[in-house]
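Letters A, B and C mark the chains as written, and numbering starts fresh at 1 in each.
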């Protein structure tokens, strides 16, 4: 093997540093409730939820090639299950976590036929599923139709404790999902996932179990959206089906993943931060803000479909959270242009 | 004056240069046979001439006008027609519909629906059948008829005998002979050297994207062409 | 008798769904694109008609004379600015770009008209509530009948256009093989733009009927998209007459669902859609097994 002019590389100095930095950042954030204001805690919780939404939709669309317009189905379901379980007497934070798991469980059988729809059919098919879940949840007498209900069990906690617990839970949930996704993408399955992203037929021909792998991602994304929904509920307390089952959640997910960079791990994180910042700056503009979001997403889809990170990556050959492999020429000190990367460039057919 | 004048034509498939700096010219009313092994770049050359493939460099002059950057539909209107490799019929449409589509080129002339059915009588009874249900020979006849319906000044034929039985090939070539003697200008890609040399006025052999042999069909023995075909001829044996 | 009435009303409702699904199905069959802004564009047409009627007193029926050509031009522009480019970038990009477009249209309408619901019914005299009785229990709405007849006429007209005219043939050929049509002198880009214009005219017609038969609001597009999508898929995407059948199946399912439960209208529609998808997948799998079995026996 020593005759090979290439060296296979996963980690670069930059990527090692950034993984350590992320770990330190999460550790520092865990101490947050000690020194942040209540308002900041609230805001950060929101950011964590956005990160979850962005990475999960990115995993689904960017890696498994499944564009869904119906992820609000799981977001809403996560919140609904939390209300239901808490009403049934489960400790409230246990209910919030179990609700996410339950949502993942529901998505499993659902995947068996939704995943057989293709492209646009899958996209809107998921929307139909979301509408159906919404209508079925409305039938639950506890929810009282569109009137909705509240997670009254949370009132047991004082405002500060409630915010801190929710914050920690969001941080832990986000970290767990990021780690899970990172590990998954770096595993053997991950190589398969990225192969599917690059070319589904070719992946199948080299023995990637396309259906099983897609199902795994679908369930993970549902679980993530479910957790995001239950966390949102913990912050907002009130549950109105219309709000939680709104396609706007998917619109946010698309915006974040598309602007950050579809199919890149870093892109989803960046997208979430950008969206968070835009919302803070322009959210008050109401309708114009939404028009701007739609127009931006449209613009990115048309002119920069690989998003900001895809652009950075292509331009500077940078990879901070490496889930792919890169081949480097052993002898030369290589410029980005000379480092072909395996299964790391989003390519669309 | 030459009807077709090509200079330094290059065409790529991604990084692969399929046609590399090809130059030749073709007189009106002549038939040129384009031969060469698989992957020599013949199909890409024809597709580039028809505008179905973009030229990376070089110049295509047709009837005195530069058509290098014209899209395919404008070249069809200018009088270049391609019978593509694999026929590329519209399988869900009928034979007649396939033929009628070619009217879009906007070149009325002697090739009408009736004229095509006269030239290929076996199509007449299948005119309302879906093209996908035809036999190989019928499909080939439809593909040729469809190209003729644009009333081209230059007809490009890509491997029209591929997948057909010798008997059917004979019939197709009988029709071609009639066409050639009527003064049509044709570039023909053909694997069967004997057939190609038999009908062509001149022959070009390609190897790895380049012209390796170019001259009048009668000037070469089959052995010479065969050697060039496999790249055994050494130097380029230009005789024109 | 109420059940029979429900079925008849459902069939007529299906006419409306076929009408709104027509453009979606047509566009998919030609360009393999599902336009997620489909419903929003229908709502946009409805607002245009409302604006003409409310501001200038133009009857909506007369308004169509202006709005339908405007929709055709809009379709051409959308094709040239958004769809063509998206379609070139892959199968998933059109989903994203048209969804972005839908968000923009919905919110622009909201910005312009607010959350109030509108209707064109006040501008068309008694058309929206005229009806005649077939028997004591069954009465047919004039508008519902006109809608149904329009759907049949539009689908039939489109079918004739596609099979009998040179442009229609060019559209079908481009749908089958966009690279080869150029060799015959057909400008595939222009054909797709024409197809999009035609689809948008049908969307304009659907918008008219949507706005006359009921109320609409800026965010009504999503529901219309889902109805159109469900009809198209139930009927077999890309098949025009299938779309009519799909619309009728959806309409009857909703109508019967409403009879069963106050909330049953939409639920029954969605469940029917999922059931049809499931059934089709199961049949396809069975067909595959059957073929494999026959293949193995040989």
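What we mean here is this: a contact is a pair of C-beta atoms (placed from the backbone, for glycine too) under 8 Å apart; a residue touches a chain by one contact, two chains touch by 3 or more.
For each chain, UniProt lists the protein as follows: A = Amino acid/amide ABC transporter membrane protein 2 (HAAT family); B = Amino acid/amide ABC transporter ATP-binding protein 2 (HAAT family); C = Amino acid/amide ABC transporter membrane protein 1 (HAAT family).
Small disclaimer: the values here were computed from a predicted structure and weren't measured.
Enquirer: Using the touch rule stated at the top, which two chains are linked by the largest number of C-beta contacts?
Expert: Greatest count of contact pairs is found between chains A-C.
Enquirer: So, comparing each chain's Cα centre against the centre of all protein Cα atoms, which one is closest?
Expert: Of the chains present, the most centrally placed is C.
Enquirer: Taking the mean of the C-alpha atoms as each chain's centre, how many Å separate chain A from chain C?
Expert: Measuring from centre to centre gives 32 Å for this pair.
Enquirer: If you average the CA atoms of chain A and of chain B, how many Å lie between those two points?
Expert: For chain A versus chain B, the centre distance works out to 53 Å.
Enquirer: Report, in whole Å, the distance between the mean C-alpha point of chain B and the mean C-alpha point of chain C.
Expert: One centre to the other, that is 44 Å.
Enquirer: Provide the list of chain B residues touching at least two other chains, using ranges where the numbers run on.
Expert: none
Enquirer: Please list all residues of chain C that touch 2 or more other chains.
Expert: Expected reply: no residues.
Enquirer: Would you tell me which residues of chain A are touching chain C in their complex?
Expert: 61, 65, 67, 69, 113, 116-117, 119-121, 123-125, 127-129, 131-132, 135-136, 138-139, 247, 251, 254, 258, 287-288, 290-291, 293-299, 301-302, 305, 348-349
Enquirer: Can you name the residues of chain C that touch chain A in the complex?
Expert: 28, 33-34, 36, 82, 85-86, 89-97, 99-104, 107-108, 110-111, 222, 225-226, 229-230, 233, 237, 263, 266-267, 270-271, 273-274, 277-278, 281
Enquirer: Which bits of chain B are touching chain C when the two form their complex?
Expert: Residues 50-52, 71-73, 76-77, 81-82, 84, 88, 90-93, 97, 100-107, 146-147, 149-150.
Enquirer: Of all residues in chain C, which touch chain B in the complex?
Expert: Interface residues on chain C, with respect to chain B: 166, 169-170, 172-173, 176-177, 179-188.
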